[in-house]
Every structure is written in C-alpha cells, then in structure tokens.
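Below, each structure is written out as structure tokens.
Each of the two complexes below includes chain A, the first together with chain B, the second together with chain C.
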Partner chain A sequence: MAFKHVNKGVKRVDAYEKVTGKAKFGADLEFANMLYAKVLRTEYPHAKILKIETSEAEKMPGVKGVFTAKDIPNNLFGVIVQDQQVLAEDKVVLAGDGVAMVVAESEAEAAAALEKIEVDYEELEGVFDPLEARKEGALKLHPEKEDNQVIHHPLRKGDVEKGFAEADVVLEREYTTQFIEHSYLEPEAVVVVPNEDNHLVSVYGSIQNPYATRNAVSAVLEVELADVRVIQNHIGGSFGGKDEVVSAMAARAAVMAIATGRPVKMVNSREESFTESYKRHPYHLTYKIGATKEGKLTAMEIEAVADSGGYACQTPFVTWRSVVQATGPYEVENVKTDTYGYYTNNPYTGAMRGYGSPQVIFAQESLMDELAGELGLEPVELRKRNMYSQGSVTASGQKLDRHTVSLNEVMDKAMEAIDYKNKYEEYSKEQSGDKKKGIGLSISFRGCSLGAEAIDAAASVIQINKDGSVAVYSGLAENGQGLKTIFSQMAAEVLGIPMSEVEFKELDTSFTPDSGSTVASRATLIGGNAVKDAAEKLKQRIMTFAQDKYELDAEVMELKDGFLYDGQGNRLATFADLTGEMGNTGILMSAYGWYKSPPISWDEEKGCGNPYFTYVYGCQIAEVEVDTGTGELSVINMAAAHDVGRAINPENVKGQIYGGVMMGLGYGIMEELELRDGVIQGTNFHDYMIPTIKDMPDIKPVIVENPDPDGPFGAKSIGEPTLELGSAAIANAVAHASGKRIRSLPLNLERVLIGRALHKGGK
Partner chain B sequence: MAKLDVELTVNGEKHKLKVGSQERLLDTIREQLKLTGTKEGCSVGECGACTVIVDDQAVNSCMVLTAQVDGSEIITVEGLESKSGLHPLQKAFIEKQAVQCGFCTPGMLMSALALLNTNPEPSKEEIKTALEGNLCRCTGYQQIIDAVEMAAEEWGA
Partner chain C sequence: MVEYQLLRAHSLDELLEILDQRENVQLLAGGTDLMVDLHHQDQKFDKIDYLLDITAVDELKGIQLGDKKGEIGALTTHAELVSNPEIKEKLPFIAAAASSIGSTQIRNRATIGGNLANAAACADSFSPLIALGAEVVLRSKGGARRVLLEDFVEWPYQTIIKPDEVLEKIVFAMPQGEYYSSYQKIGRRKALSISRISLTLLAEVENGRVKKAQVASGAATPFPVPFRKVNDYLNGKSFAEIDPIEAGNIAADEMVGITGERWSTPYKRPALGKLVERAVEDLLEEAGYNG
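Moving on to the complex of A and B:
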C-alpha cells in the first residue's frame, strides 16, 4: 500500500515550539496572584510521628498556610492499592515521605517557613531487603496488612520435576538488579488554579497521565471527577515516572489552592525529585533451567522477588508483566514461575520504561548464554533451537498465531547489521594483552499495551473546521515520544489532507474522553486505532455527501492532497470547500473515535491465558572492549532490530531506538541508586550518573516491519522494547570477552574487575 | 538586602536591572526577563539545561551570579530565531528529529551554537566534547549529533 503521510519520517509537529523556547513546561507557567508551596519530607525511613508543631512556621513572613495530614479530606490514594498517603499522618514508611507543607507568597518564603516546622519522631526499626521482608515474623510496614507481601503471581505449566528429570544439564543461577532513577530532565512541576471556568480546580503541569492525576485529585478532595480539570503541558520526559508522584503533588497543591483561593505552584528541585519520586524495581531472581544435550529446553523454574518500597504503587502490575515474560521467548514444556513484590522501607517503586521486563530479561538472557556454554553450543544456536516461531505456545498457554512471530528475522537482521558472525568467531579466539573484545546478544518477546492488567480502550475526537483545517484530540498524552506527530500523520492519511492542515490539541480532561494512561507502549497501537476510527467516520460522512452531490460511486472517488478526486484524475472539489459546504448544510463535522482491544484473558490462580493480544519481537547485540587490567568497559557498537509492525514515522522509531538503547546502556553499565538503610546517597546528577554523549556506542537501528492485523496501519509498539535488551547483551559480551560472568547490575568498574560491588554488602 | 544595578544585553536588547547579590543568571533570565526557554534541570551545573551564551561562551546559567556578568552580552534560545527565520541549528534540529521531550533542547542549541561560532567545521568528536555537559534522557544523542553536523554544513554553505 502506498502511503502519503504514514510510514514517512515527517517532522515533529511540536518541534518548532521546542527549538524556539516557546514551549511551556510546568515550571514556566504563571498565573495572576500565584502562591508557591513546598513540602517538608522526613529523613527517616521508618518512624512514628509523635507531634508536628507548625505555629512558628505559620508566623513566618509571606506564609499563607501550613498544612498537615489532618487538612487533607481523604489522605489515601493509589492506582491499584490505596495505601499511599498524601501527607504522612501517624507514621512515615520511607525517607522522603511528606509530613507537612507550606504555601507562601514566594518560594523562598515557603522554604524558610518549612525550617520552622518541628516534627517529633520515634524512630522504628526498618526492613530494607525484600528477602528479609518476606520472612515469617518480619517487621510489618503496614500494620493493617497480614504481612509485607504486596503481590504474588504464580504460573504453572506441565511438570517441572519431570522436565528436570529429562534434562542432561541443569543450571541454577541467581541474578540481581538495582534501583534506577528515571532521570527525566525536567523535575516535576504543577500549578493548581482554583475556581477557573466553573471547575473547582484546574491542574496544569508535567503530568504523564492526566486521567490518573484527575482520579487522584478528585479522590483526595472527595469531589466529583467533573470538578477537577487536568490540562497537560509540555512534559520534559517521564518514562513512566510522572504518574503517582505528580498525582500526589497535584493533590497537595489542590488542597492549598482551595484553602487560599489562589493559584498554587509547586516545582521540585532535582534533590526533591530524587528523594520523593518512585524508582525502577530492583529484583532478586533465581533461575533453574534444564536442557537435553542436544540443547532442547525441558524445564524452567523461576522466582523473582521485587522490592516494592514503602507503597504498593504499580508493583502488582509490574510483577505481572514479569510473570508473563519470565521464560523469555522460548518454548518450554514445563514451567513454574513465581513473582512476588514485598513492602520495605526503601523508596517506593513504580512504572519505568520496560516495566518488569528489563529485570527478567537480564537474568534469562544471561542464563541462556551460560547454558550455551555448558552445552558447548554457540549462543545463537541454542536460541534458534528453542525460540518461538509462528504458532508457538507460550508459558501461559497462548498460541502465537494472530500476528507474525519474527524472532528469526529480527535476530538475523541485527546480526547482519553488526557483522556478528565474523566478530563472534574472531573474539572467540585467544586475545593477547589486557584489552579484550567480545560480542553478545539478547532477544525478547513483549506483550503490547496493558494486556490483562485493565480494560484497554482509548478515545479521540476529530473536528473539521469550516475552512477545512482539522483539529485532533486524543485521550492519550504526549510524553515527548512523538504521539502528537504520529496521530496527526494518521488523521492526515485517512482524510487525504496535507499535514499542515492538521492541528493537534493539548489534552484537557474536561473535553477528551478518559482513555486510560499513556503507558505500556500503547499510544500508537490503541490511541492510534482511536484516531483512525474518528477519521474514518468523518471520511465516510464526506464520501456519502460527495456521492449524492456528484452522483459518483463513493468507492471510486478519492480524498488526496486536500482535494476530492473523481477516480479519473480530475479534481472535483477542495477538501475545504466540500467540508465547509457539509458544515453549512448542518452535517456534524466532528466525530468521536473509540478503540477497544481484542479479547484477552488471565487466570490469576494458575497463571495461564492469553495475556496480550499481540507481541513485538526484538534483538539487540553489543560489542564491547574490556580492559581486564582496570575493569574499564567500553561498549563500542550496538545493533538493535525491532519489529514494530509498521513504522508510522521511521525517524521517530529510530529516535526511540537510540534513546532506549542509551537508557539500557545506563541500566547495564553505570546507573545505580545507592541506598544506605533506605536513604538515598546522592540526590543529583553528580552522584547518579546517566549516560552522556561521550558514552555513546555506535548504534545501528534496524526497523523490521510485519504489519499487525490489529494495529493502525499495522503498527504496534516501540518505546519500551528498546531498553529491555541492552543489559543482557552487554553482560553476554563481557563474558565473551573476559570469561567473567557478572550476574548483578550494573556492570561497573568494580564488578567487571573484581566481580562484586565495593559498597557494604555489595553483590 | 540592597539590590545591585546591572546592565545586560540579552538577545540584542539592553536591559537595566536590579538584582540581588546572590541572584543567579538563570533566575534573572527566567523570572525578571520572563525568558522561560532556558530550563532548570539540576541547579548544580551537571545537566546543561540552563546553558546560555555569555560573551561567546556557553555557560550553565545556574552556576553564574548575574552580578558577575554585568555588562555582558547574552544569548538565550529565544534569540536564535530572527526576522529572516529559524537559525540553521533550529532548522537542523527539526529536520533531523533531534527533539523529543524538548527540555534539553534549548541548552543543546546553545552549546552547539557556541561550538559553531568558534569551530564552523567540527568533527564528530568535537561535537561530542562541546555537548558533553548537556544531558539528554530521550534521544540517545545520535540525532542531535546529526543535526549539529547538518547545521555546520548549511552554515558553511
């Protein structure tokens, strides 16, 4: 099919405002009569609050109010489990819990007043390791709960005992992963304006999921959803990170805005952002795998224990994605998987790009290379003997036959892009000197969108103005990933108009229908289908009108380049004249689009079903050089091949690949949020290093396209798959180069050199 | 606290301002001049989001007191576009898809501008060195390098 706008690297529709400094982010907003607020956060990871004395703070210059938990109408919120406090009341469960807040005429006055608040604590013992938190008799974080377990997801298939008995080789390995900071460049910011346009509160700011934030604010204020309006501004990166933490911020600002009757602005410093925001879950993973000497997998037994920190947050869903993908993309007859989440007094953990997959992929793809070594097989060969192909059945019993299973293709294309075979052969030979090169790969399958986590549907609205210009609204939110551009391309494609005629409008919850959250790499797939649906409804209306007007078959006529054609190459009318005429005759020129995903299923007791309606496949390969004398690790080249179904905008897809590979590189070799008894050591970028431009390997992105029958124009997902594969590929390359297998992330200097972290208790 | 009188030329326009002795150039730019294109990302000179050009040098405006740069000529992202249109760097950033969330973009543009002003034909390594102080979490940097290379070519042409 020949496309006009889709499948083309058209320029981003929001680029102009971003390169000129015109784009307004949360911290850039100003409203008349605006106040500023700050939060006092505890330094204790676990303590009883005995007393909060605010009277001195209230007398400070410029102060308009000091608030504690008793001032919050409903102090509990949470997307899945309502266990998170807007402000801690009796007890803090993590260092960073807010205990009081001040609103004042200026930020400096609010900050000065915070220092006058006195809080008496009684320190409590803490539990800082989920393996401790799960033990019987362990100290309980939330007294009202039975124990510290947030969630347990089991999966059972076949009989693992039988499978291990059939194996010639059985390996048992443990792997660990670390806390990661999202490190979006823009710290969180919101402004809440009271009594604007008939809304009790309007919330502006850097909000990943406007509907989730609206839910939280309305629940906290105990008002109707219709009383709360959330308007999303440009957001300076999120990666899953600006959800619950921003909802809490918005709820706090809303309480103060209502109390003072004035707009209230809150902007986190980088230190506040590190201290308060949720992190990527660290996992402790135990894998047991059996295979015949021919390299056929017979059984896998997996346990994954995730640290949920002080709150449940997204842990139940994060660990659910882990249970579905824990075996990797391999056919295994006998599988027993258990994933768990436990409360600890560490920072709480939530959604971060990848969402429960990067951890299990690091373990399981490292394990495949270890097993290949034991069996004397090349890593590629072991994978090819076991990986999914068309019609394969997954660990949960899902037959993969609705879409193209393209593992073989992504693997071959990635190998070709980086010259894998020659390099593997060359680096497998004895290398002289301290500096040794290696090459390693990893592959994955990934369920697209939410899966059986929740109802998966989205809306859009398209409105054709009387001059033929078109406004597109979506219930999903631009997070910087390029959604506005993708959706505009789709609308232009269906309506046969130039991109310049399409204007994408900011998300406003008072107007666009609730479409769930912009998460799970679901925007292009689910939101795109909704945009396409609205555009197709309008197109049908236009063609019906044209059929009567020109007495030509609607099937013959064509909308293209802003004109209606008769099918013989003759222009009948401009899009503007035709649609303007329709509007003038009283025809509704706007349409709602809606898309609900195909049926999915999950049996929580047995861990079986069809958890996702489609999957994407990827392969990443890393080429490294290890200095075995110093432990210095350089990632020289990376290839990343991803099946996206159809690339709506190939240049955007490449941008996602480059960015995801670099974030995966940070996860793999440098990033680790260091904690001491639950307290973060270093809360800015001089302590927590993320990759700079100098850390870039040469990255070769490879886009693979097998259009999906359920995707808009065949498109699926790309955001998250790009970062889940890198750490395992790099670990495998390091093992290939140096002979050293590292089973803990990140692969930093000390782990590469001496095999463990230098800090206390380091693995 | 006594305010100090300073004079700054920002994007070609002269401003007489009163500033506190501890006022950062970033605050003067964002709060007094309302030029909010310059971003605050870390406040400790690590992320580069607040990069502006002070007398031809790219600097982190969070690390400079306004009083220190009295009399200086300053360029912010808002000063790039002119009546004749977008600057070649801005065009290249759009053309090469070097923008995702856009929060690092103003700082990246300023660091790149300082580079091209002194080195119109930079090598890839020189581009990396010039942008080393600017963090980006979205793009993986590749398309930013592509954009600076394209701008250098356009500019030289």
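Moving on to the complex of A and C:
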C-alpha cells in the first residue's frame, strides 16, 4: 500500500521553534509575582535527623518560607511502591535526600537562606553493596520492611539439573555493570502556579510523564486529581529520567505555592541534578550455561542482583523486564532465572532507556561469545543454531507466532552492512603491532510497551475546526523522540490532509485522558493506535456525510491532499468546506481515540505466561581498534539493524539509532558514576565522561520492516532497542581483537590494559 | 559566596602597577580553569579581593622563533599555537600538545601561560616546554627573573610566582642541527579529555647518534619533571644501541621512583613505559634508522 505521509522522512513538526530558540523550556517560564525555591540536601548516605533549625533562615532577606517534612501533607510517594520521601523526616537514606527547602523572592536569596539552616544528624552505618544488603543479618534500611529486598522475580522452565547433565560444556561466569547518569542536556525544572483556571495547582516544566507527576502531586497534597493540572513544556532530554525526581520537585514546589499563594519556580543546577536524580541500576549477574558439543543450548541458570539504592522507585518493573529477557533470544528447554532488587544507601535507581535490558544483554551476549569460543564455533554460528525463529517458544513459555520473528533477517542485514564476514576472518588472523582490530556482535529480542507491568492503553483527541485545520492531542508526551511528528503524520494519513493542516498540541492533563507514562518505547505503538482510532472515527463521519450529500458510495470516494474525490479523479469539495459544512449542521467534529493492547498474561510465582503482545528484534555489530599497549579503545564502525515493524518516519528512526548507539557506546566504554560510600565523586561533566562527537563511530543504520498486525500501519518500537545492544557488541569486539574478555562495564583504559578497574584512594 | 572586585589592565605597566599596589589579586587570562573553580566557589578564592583581567595586555601576546632563540607570550592561546606555521614546522610537538587540549572552544580561549600558572598535574603544556629546556620570565614592577620551567612548580597547583609577579613569556633555545620529536597522550576519550599521561621526547642527533635527548611527561608525576635516567640512557648512544623497550622500562621505574606505588600505578607503569617506547621508536623511524 502506498502512503502519502506515513513511512516518509517528513520534517519534524517542532524543528523550527527548537532551532530558532523560540521553544520555551521549563527554566524559560516566567509568571507574574513568581518566587524561587531551593532545596537543602544531605551529604550523608545514612543518618538520623536529630534536629532541623530553620529560624535563622526564616529571617533572611527575601525569604517567604522555610519548609521541612512536617509541612508536607503526605510525605511518601512512588509510582510502584510509596516509599520515597518528599523531604526526609526522621532519617536520610541516601546522600542527596532533601531535608528542607526555602522559597524566596530570588534564587540567590533562597540559596543564601539555605546556608543558615542547621541540621543535626546522627550518622548511621551504611550498606553500599546489594550483595551485602541481601545477607542475613544485614543492617535493615527501611525498618518497616522485613529485610532489604525490594523485589524477587523467579522464572522456572523445565529442569536445569537435567539440562546441565545433558550438556557437554558448562560455563559459569560473572558480569557486573555500573551506575550511570542519564545526562539529559536540560536539568530538571518546574514552575507551580496556584489557583489558576479553577485548579488548586498547575504544574509546568520538564516533565516526562505528566500523569505520573499529577498522581504524585495529588497524593502528596492529599487532593483530588482534578485539582492538579500538569502541562508539559518542551523537554531537553529525559531518557526515562524525568519521572520520580521531577515529581518530587513538583510536589515540593506545589506545597510552597499553596503556602505562599504565589507561583514557585525550581530549577536544578547540573550539580543538583547529579546529586538528586536517580540512575541506571548496576547489576551483579551470575550466568551458568550448558550446551552440547554441537552447540545446542541445554540449560541456563541466571541470577541478577540489582542495586535499588535508597528507594524502590522502578526497581520492581526494571528487574521484571530483566527476568523476561535474561536468556536472550534463544531457545532453551531448561531455564531457572531469579532477578532481585535490594535497598542500599547508594543513589536510588530508576527508569533509564533500556530499563533492565542493557545489563542482562551485556552478560548474556558476552557469554554467548565465550561459549562459542569453548565450543570452537564462530559467534554467528552458535547464535544461528539457537536463536528464535517463527513459532519459537520463549523462556516464559510464550509462542512467538503473532508477529514476524526476524532475528535471522536483522542479523544478516547488519552483517552485510558492515562487511562482517570478511572483517571477522581478517581480524581473526595474527595481527602485528600493539593496535589490534576486532569485530563483535550482539542480538536481542525486546518486549514492546509495558507488557504485564500495568494496563496498557492510551488516548488521543482530534478536533477538526470549522476552517478545516486539525488539532491533535495525545495523552502521551513528546520527550524529544519525535512523537508530535509521528502522530501528526498518522492523523494526516488517515484524514487525507496535508501535514501543514495538522497542529499538534501540548499535553495538558485536564484536557487529554490519562494514557499512562511515555515509557517502554510504547508511544508509536500504543499512542499511535489511539491517534489512528480518533482519525478513523472522524473520517467515517465525514464519509457518511459525503455519501448523503453527493449520493456516492463512501467506498468509492477518497480523502486526499485536502480534497474529497469522487473516485474518478474529480474533486467534489475541499476538506475545509466539507468539514466546515458538517460543523455548521451540528455534527460533532471532534473524536476521542482509544487503544487497549491485546491480552497478555503473567504468573509471578512461576514466571511464565505471555508477558508482551509483540516483540522487536535487533542486531548491532561493533568494529573496534584496541591499543594493547595503552588500553585505549576506538569504536570505528557500528552497524545497527532493527526491525521496527514499519518506520512511520524513517529519518526519525535513524535519529533514534544514532542516538541510541552513541548512548550505548558511552555505557560500554566510558561512563561510570563513581561513588565512595554512597557519595557521588564528581557531579558535573568534567568528571563524568560521556562520549564526544569525536568518539562517535561511523554508524550504519539498517531499518528492517515486517509490519506488525497490532501496530498502527504496522509500526512497533525503536527508542530503547537501539541502546541495549552496544556494550555487548563492543565487549565481544574487544575480546576478538585482544583475546581478553572483560566482564565488567565500562571497558575503560585500565580494564582494557590490565584487566581491572582502579579507583582513586582505592584497592 | 566569593566576593571580589573586577579590574582590567590595558598594558603591562598598568598590570605591574596594580600587582605592586594591591594585595590578594587573582589574574584572569583565558579563564577556562578559573571560571569553573569560581563557579564551584573554590575555597582558594576566599582570600581574593581582586580579579584582574589581563586579556587586553598586548605585551603578553605573540610568538617569535629565531634561529637560536624562541619565545612565546604567556597570553598565546592554544589555538594560536596550533595554527602558527613556524611552530608547526620547527616545534611540531608544541602544536601537537596544544591541539590535544580541551575542545575548539577551550583552545580558542585558554592560554599557554594560564596552563602553566594553574600548574595542574595533568597540564599538557609542560612536557613539550620542559623537553625544550624552556624558562619562564616572571616580571614584577621591580624587574624580571628567569626560572627553568622544571623548577617552576612546587606542588600541584602551586608555583613559585610571587604575588607581585606575572608570567610574562616562555623563552627557550631553539633545537639545533638535526632533531626529532614525538608527543604522545592518553586520555579517556578523544576530545575534552584530561590527560591520563602525556609525553614529549625531543632529541638532537648527529651522525646516527643521539646528541641530546630530553624526555618529559605530564600527569605521570605530581608535577612535571624531566626523566633524567631516560635522557642519560639515550644520550650518546648510536641508534643501533638503543632499545625502545628498555627506554620504556627505565622511564616507568623512574616514574614509580618519584611517585611511589599509588592507586594508579598498576596502570600508569605499563602505559608510560609504552609511550616512551613509542616515542623512541618514532625517533628512530624519523631519523631513518631501520634496524
């Protein structure tokens, strides 16, 4: 089928305002009579609060209020577990917990007053390693809980003992991954306006998930959802990062806005953002794998232990995605997987692009190469003998037959794009000199959208105005990923109008229906279906009207390029005249769209069921040069092939691939949040390394399209799959080049040269 | 809050007059280190009363390379060092070091004098200049003194500049006859990277023999020093007598002799040895020696 707008690389609808600087971000917002607020954060990772003395701060110039936990109506919030403190009350559990806040006439006055707040602490012993936190008798960090365990997800299939007995080769390996920062360009910012348009509070700002923030603010204020309005502004990156940390900020600002009756603005500096925001979970992974000498996998036993930091945050769901994907895309008869999350006094960990998959993929795809080496098979061959194909059954017992299982296709296309076979052969030979080249790959399957985490549904609203212009609203949010453009393309496609007639409107929770969070690479798939639904409802209304008016069968007429055609190439009316006439005759020219995902299932006790209704498949290949004399590592080329179902906007898909590969490269070779007893060492980008443009390899994006029966126009997901594969591919390429297997991320200078990391003042 | 008055000098005389008349003056050149530390409210500024902007003092700018002598004004930016054709031709290791610093934006602002006066252990400007045997000219209202660059730093971030002095320029004797050089650097990424180790080798050769070798490193030791034992090893040797690997080992031992076993030694020992080995190999190769 030929498309007019969909499947085309149209220009982003928000490009102009962004490149011209007209776009307003959270920190740009100004309201009359606005106040500014700052938070005092603790330096202790674990301490009792004995006393907070605020009287001096209250007397400081410009100060309109000083607040502590006792001023917060309900101090606990959380998307999954309500254990996160808006402000620490009796105890701080991580270095960075807020203990008090000041609102003043200026930011400088608020900052000056913070210095006058005296807090007496009694320092407590801390737990900084989840492997310690899980031990019997370990210090309990949340006294109301039985132990430090946040969550445990088991998965059982077959009999692993039997499977290992059948194996000719059994390997046991341990892998570890690190804390990393989201590194969004724009630090967190909110403005809360009280008593605006019949809402108790209106929250503006850099908000990834307006409904989650609304839930948090209403829970903290103990008011109805209808009292809280959240309006999303342009957002300078999020990557999963502007959820709980921004909700806490919004709740704090809301308390102060109500107390003062004036708008309150809060903007984090980069250092404040590093200190307070949640991170990617570090994992400790233990894998045991068995295979016959022919290279057929017989069993996998996996344990993954995640560091949740001070709060539960998203740990229960992050580790759930890990349990589903831990074996990788391979047929294994016998599987025993356990994923865990534990509280520690480290920074708390939450959602970050990939969400529990990059860690297990690093381990399991490294392991596949190690196993191939043991078996004397090429990495590609071992994968092809075991990977999913049409009708395969996953570790959780799901039969993959509802969509195209395209692993073989993505793998072959990625290999072709980077000339894998020749390079593999060449670099497998003896190389002279210190600089050695290598090539490595990794593959994955990834469940699209939320799966069994939560109800998976989304809404849209489309209004056709009397002049034929069209406004599109979605309950999902633009976080830089291109949602506004994608949804506009879909609406234009169904309604047969030019893109210029479509206006995408900002998300406002008091107007658009709750569609859950913009996470899990679900916007195009779930939100897209909702936009399509609304557009199709309106189209049907238009065609019914036209059928009566022109006495032509609706089936033969066509809406195209802003005109109604009679099916013979003759224009009957303009879209604007036709829809204007409909409006004037009293026909409702707005429609709600709604989409609820197909049924899924999950048995939490046994870890079985159909956790996601569809999956995407990807393959990334890295070509590296390792300087075996200095430990320097250059990623020269990368190929990334991803099945997206259908690319609604191929240029945008490429953008996702470039960005995701680069983020995965940073995760793989240089990023690491260094902690000393729970305290972050270096809270800005001169200490925390992210890749620069000069570290960027030549990236070859390959878009594979196998339209999904449940996707809008066949589209699925692309945001997160692009990031989850890189670190494993690079680690495999490094092992290919140097002969050295590195089982911990990142692959920094020290690990590459001497096989272990070194820490300042450390072991 | 760090509180200070901002002053601006428009000539060297005015600058020296201000330094003579006032106390607790902090000089501002490119500002690429200073502004970051000010932003962090670094405690070292607690005693600062004045911030003196010297960027308009033209006497501190410029590069002059003669046959025998060369000098580089303290306010010369790294970008100027990279693009200066004479530096590129005669002292390519200085251009290589300058081009490895920071990013385009930083190289456009940051000055060589600032890099030296800030005296970070990882500063990239020291090793090429120490290899040259350069001196710094420290001027006050009362006159000027010349100090060998290797004696300029007392400890990381601490130099022998007196409160009434300004680092005016760097002066050095031009290498003579047939000479070769190599600059090496290891960083954690390809731009905006603080050196893990940097290294310069400069050698004058005559008749297939090393006449005068100078090897100096940045970031390997708390403050930059010449590696005398490596120099001694190389000096006077014919190319055939030189073993690059041995030179590397000598350098690594010399470094550990200075620093002791530190947390970073397990990495820096083999890495520094490798850089010295490569620099010596570069020398032999450029000198046309092929085993």
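Convention: the second predicted complex is superposed on the first by the 759 of 763 C-alpha atoms of A that agree within 3 Å, B and C clash if a C-alpha of one lies under 4 Å from a C-alpha of the other, contacts with A are read in each partner's own complex, and residues count from 1 in each chain.
Convention: contacts are C-beta pairs under 8 Å (C-beta built on N, C-alpha and C of every residue); 3 or more make two chains touch, one makes a residue touch a chain.
Source: prediction; values computed, not measured.
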Simultaneous placement of chain C and chain B on chain A, clash or fit: fit
Which of chain B and chain C A:I693 touches, first, second, both or neither: both
First, second, both or neither for A:G310, with chain B first and chain C second: neither
Partner chain(s) touched by A:P611 [first = chain B, second = chain C, both, neither]: neither
Which superposed partner A:G295 touches (first chain B, second chain C, both, neither): neither
First (chain B), second (chain C), both or neither touched by A:R12: first
Touching partner for A:I235 - first (chain B), second (chain C), both, neither: first
Which of chain B and chain C A:L749 touches, first, second, both or neither: second
Chain A residues touched - chain C or chain B, whichever exceeds: B
First (chain B), second (chain C), both or neither touched by A:G21: first
First, second, both or neither for A:K654, with chain B first and chain C second: first
Per-pair minimum CA distance [chain C against chain B, superposed on A] in Å: 5
Chain B and chain C footprints on chain A, overlapping residues: 686, 692-694
Residue numbers on chain C that touch chain A, as the complex places them: 1, 36, 103, 186, 188-194, 196, 263-264, 266-267, 270-271, 274-275, 277-278
Touching residues (chain side chain B, partner chain A) in the complex: 30, 35-44, 46-47, 49, 76-78, 80-81, 86, 90, 93-95, 97, 99-106, 109, 128-129, 131-145
Chain A to chain B touching residues, read off their complex: 9, 11-12, 14-25, 27-28, 182-187, 234-239, 269-270, 479-482, 651-652, 654-655, 657-663, 684-686, 690, 692-694, 696, 699
Residues on chain A engaged by chain C in the complex (per definition of touch): 112, 434, 629-632, 634, 670, 686, 689, 691-695, 748-750, 753-754, 756, 758-762
